Amino acid sequence: MFPMSVQELEKIFLNKIEQEVKIEPKDWMPDAYRKTLIRQISQHAHSEIVGMLPEGNWISRAPSLKRKAILLAKVQDEAGHGLYLYSAAETLGTTREQTILDLHSGKAKYSSIFNYPTLTWGDIGAIGWLVDGAAILNQVMLCRTSYGPYARAMVRICKEESFHQRQGFDILMALSKGSPEQREMCQDAINRWWWPSLMMFGPHDGESTHSEQSTLWKIKRMSNDELRQKFVDMIAEQVKVLNMTLPDDKLKWNETTKHYDFGEINWTEFWNVVKGNGPCNKQRLDARRKAWDEGAWVREAASAHAAKRKMREEKKIA
Amino acid sequence: MFPMSVQELEKIFLNKIEQEVKIEPKDWMPDAYRKTLIRQISQHAHSEIVGMLPEGNWISRAPSLKRKAILLAKVQDEAGHGLYLYSAAETLGTTREQTILDLHSGKAKYSSIFNYPTLTWGDIGAIGWLVDGAAILNQVMLCRTSYGPYARAMVRICKEESFHQRQGFDILMALSKGSPEQREMCQDAINRWWWPSLMMFGPHDGESTHSEQSTLWKIKRMSNDELRQKFVDMIAEQVKVLNMTLPDDKLKWNETTKHYDFGEINWTEFWNVVKGNGPCNKQRLDARRKAWDEGAWVREAASAHAAKRKMREEKKIA
Amino acid sequence: MNETLYNYTLHLADNALILAQRNSEWCGHGPVLEQDIAITNISLDLIGQARSLYQYAAELSNNIFSSTTGARTATEDTLAYLREGRAYKNCLLVEQPNGDWAQTILRQFFFSTCQFFLYQRLQRSADSTLAAIAEKSLKEVTYHVRWSSEWVIRLGDGTEESRNRLLNALDDLWPFTGEMFTPAGYETDAVNLGFGVDVKAIKPLWEQRVNEIFAEATLSSPITGSEGVWMQSGGKEGVHTEQLGFILAEMQSMQRTFPGCEW
Amino acid sequence: MNETLYNYTLHLADNALILAQRNSEWCGHGPVLEQDIAITNISLDLIGQARSLYQYAAELSNNIFSSTTGARTATEDTLAYLREGRAYKNCLLVEQPNGDWAQTILRQFFFSTCQFFLYQRLQRSADSTLAAIAEKSLKEVTYHVRWSSEWVIRLGDGTEESRNRLLNALDDLWPFTGEMFTPAGYETDAVNLGFGVDVKAIKPLWEQRVNEIFAEATLSSPITGSEGVWMQSGGKEGVHTEQLGFILAEMQSMQRTFPGCEW
């Protein structure tokens, strides 16, 4: 068989996209598609891993054994999600180690939301409800993304995430029914996490760098603003169940659009945190680098031992 | 003038001891006297420094600002006592650094009492009352020791120590007047610190290695058992003020001797802790070594800077 | 009998909880992602065990003290969050700091190996609740033993650095192993009452397993190498190291700050 | 006015207490015995200041809230031990970890230099109690500035290692310096009411002093070298770093565990 030209390959590729056939690791794909996916999947993986830190901060202080177990399991799930995603990224020809080093050098990004501190137990509830809630909308969309391994990882992740969101809501529910201090803790956490959660959907559609091409390739299947609106509509209803409010006096049901109107995001803060100036950017990266560096001897020992063992087994056979 | 023979020098030395004239750094003294003093003074200095640790353990958790300040000042005083004593040892021809290295290598000893853990706030009271109380009796005696610099250091130390003992008693007093939990905390601390405090006076007179010669040289002016009896008589009265008891069912006033009888010390435990097997021996030495090792670069920087500064000043003058 | 059973159960629960608390400090900070997950898993298993045991202890406590006027109803959380250090009955080993990975691994290996033999026997306890908890937990503990054994072998027979770190860990932790096999009063009573396990009888089994794994890790036996090493004790009777106070201050801070709340 | 005065006083007190708490962690662990004593001394001075300020705040609080039924009487200890992190008003700088000696020194130097200029002006406060506390404290703070300046010079102009460690500390701490000169709401109100100090006006003085000491330490100016570095803030309004929660969990553990006791 004659090798196909790039034009022909690209046609097949776009045809698959068109026909909703998943792209698989061994399929030909445009370099830019591959690069975009590597960037996005590893960014997503890093978000899971860095995202362990703000919640991990409260494991030792969880206020009941049941909550401690739930939180620990949740943070562990995030590690698992990180694993799925690093594996998905590896199918595109990168290595987990390189991906991690890119995070540590600051070359790769992760979701800015994790650069905010968790200051009270209420924050653990707010993260579950708002942050996971925002993440899920994005992830549900990604279950239908065009790259097979990514889509399949997302299906597994989505199942667990909706569980997490419910647990977060449940924490806030308990606070909202509790003492005045607990109710205050609940409202305070919502106040601090609301706007950063809205920022998770990224810049307005007009200003989003990678959006257009990603939409064409069906990596992305809804726009930032569409997803954000969906999120606002959902949360604005749920917050009533908590008897709490969202910190936005422009928030109002619009009978014409059948959506909630809401106030403008502070984009200066958004870009500032993306640039590395969030309250915890340095702390988060330092923590990850420290874990990695201090774990170096462990990883070396494990591979040294594996090599020794292999050599011994080969000797036995010979 | 002809140099004097060792015999003549020794005669002068013993004569001074006899006449209660203090021996001073530049005076001739027998090698064994010097060695005994270096051993004893540095052991005493180390006890002050290591003794900072069990109490230091509660600075961050002191239950009121006033108690926190008092405790912090007390532990600081101990550092100061360590300084006086290292200086006194230096007048005998040793260096502070060498003395400290001997502690870290395990060659030099410190008081075994500091190898017990401080488990509750009550322990801070018990240490002040019992441990400082026992130390004071020894130190009061040492204010009249034959070596001048040591005796003078002791005079300064004694003033502060009696203050500390009162503060310790005051902590227990507050507990004894407090809630049931506080009273329990008080009695529990007394129970755990009583016997180790009695051990602070060392083995019975018959079994004390260095005692006899030290008494002849008037380094030591009362025997271990004499001091211990004095301590028991004192504490057995004070404990009544606290409405607490000492954990010794043999403790009883003896009308004949006009002293309190008391039970036998567990000498196995005593020697075991001396040998390094106390609950905290390793932890205490590790903490001291860590502070020293991690401080190495600071000490180097300070002397490097001092050298630079001196050179610059000399240049200016030249 | 009930008070012995209560103390005995609490002691088992405290061991599980404090080690879980320590292990959970690794969550998000492990040397490899897979191992971060593994140590967290062990932590989760141990919290699960602790909860079953505390729930049972709470039940016992409510029966014992129910007559006392005004005594608050015990729950798994009052037992975990509202007892002070002097009431905690865990052995000293589990409260020791995580240190490096070698320290954590060796602590887990020493503890899980003991717990394995203990739960194995506890399955035949005259107390059916304890027997059931032991049976349910044994599968988990079997995995903990295997996982930690593999890591002891890997570190002992890995690089020079990992070997040295493991030997340092041995130095630090060995003096805390003896306590596991020295029965506290309530343990002796529990044996006599037919529901407790004789920890002295477990010791040779534990030693044999330790020797086997150390041999596979190309290390000499810590048992023959450490004769005359003094064994620390006291934890089971509430006399702990200075570590525990700080663990509890942090762990209990929310319950202490907001008393009587539901979470 | 009284509520502004209350918040303003609390903010000054919290700064002093949290830094005292941090510094006191060195006690018994310093690099040189004399410096162990020195840093403890600073800690003691700061606790003393905190106590005076809390006592005053308690008095104000009892006056403001006296009418509220059932409100507990405030004391220096209820303010220090029974407020949660979100109510603490210290700036982020003072809650940062001790790190190594360079970190501790630089934190002290940055803070004390600011506190010096602040107290200097506070001596002329329209509120006579604050003025008196400032006057009394100024001698201490003058010493803190001198001591920490000397150490900055020593480390900057010492060895290569000490210089690098100081520069690392600068990297970590610089983003927390801006907050000291950005007034919180109650600070602005306090200036308007005549008893507070305008922190914006202090900034050039602080910068000049920092430049002088850095020059003597043979280091380039951190001010010109760090234009565009983002400044963190929030502490004065109760939005802290994750550090503070752990500081308070430990510091408040006794008061929280044994509520309502005398010590």
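To keep things simple, chains are lettered A, B, C and D as they appear, and every chain counts its residues starting from 1.
Going forward, a residue touches a chain if its C-beta (ideal position, glycine included) is under 8 Å from a C-beta of that chain, and two chains touch if they have at least 3 such contacts.
Computed from a predicted structure; not experimentally measured.
*Asks:* How many hops, at fewest, get you from chain C to chain D via touching chains?
*Replies:* 1
*Asks:* Take the average of all CA coordinates in chain A, do the same for chain D, and state the distance between these two points in whole angstrom.
*Replies:* It comes to 37 Å between the two C-alpha centres.
*Asks:* Where in chain B do residues touch two or more other chains at once?
*Replies:* 61
*Asks:* Two or more other chains touching the same residue: where does that happen in chain C?
*Replies:* In chain C, the residues touching two or more other chains are 84, 249-250, 253.
*Asks:* If each protein chain is taken as a node and each touching pair as an edge, is the resulting graph a line, ring, star, complete or other?
*Replies:* Contact map by chain: other.
*Asks:* Can you name every pair of chains that touch?
*Replies:* A-C, A-D, B-C, B-D, C-D
*Asks:* Chain A touches which residues of chain C in the complex?
*Replies:* 17, 21, 24-25, 27-37, 40-41, 43-44, 47-48, 50-51, 54, 76-77, 80-81, 100-101, 153-155, 157-159, 161-162, 165, 250-251, 253-255, 258, 261-263
*Asks:* Considering the complex alone, what residue numbers of chain A touch chain D?
*Replies:* 54, 57, 61, 117-120, 188, 192, 272, 275-277, 279-280, 282-283
*Asks:* How about chain D: which of its residues touch chain C in the complex?
*Replies:* Per the stated touch rule, the residues are 84, 246, 248-250, 252-253, 256-257, 259.
*Asks:* Spell out the residues on chain A that touch chain C in their complex, using ranges where they run on.
*Replies:* Within the complex, chain A contacts chain C at residues 49, 52-53, 56, 59-69, 72-73, 75-76, 79-80, 82-83, 86, 121, 171, 174-175, 177-179, 181-182, 287, 290-291, 294-302, 304-305, 308.
*Asks:* Given the complex with chain B, which residues does chain C contribute to the contact?
*Replies:* Against chain B, chain C makes touches at 84-86, 172, 175, 230, 232, 234, 239-242, 245, 249.
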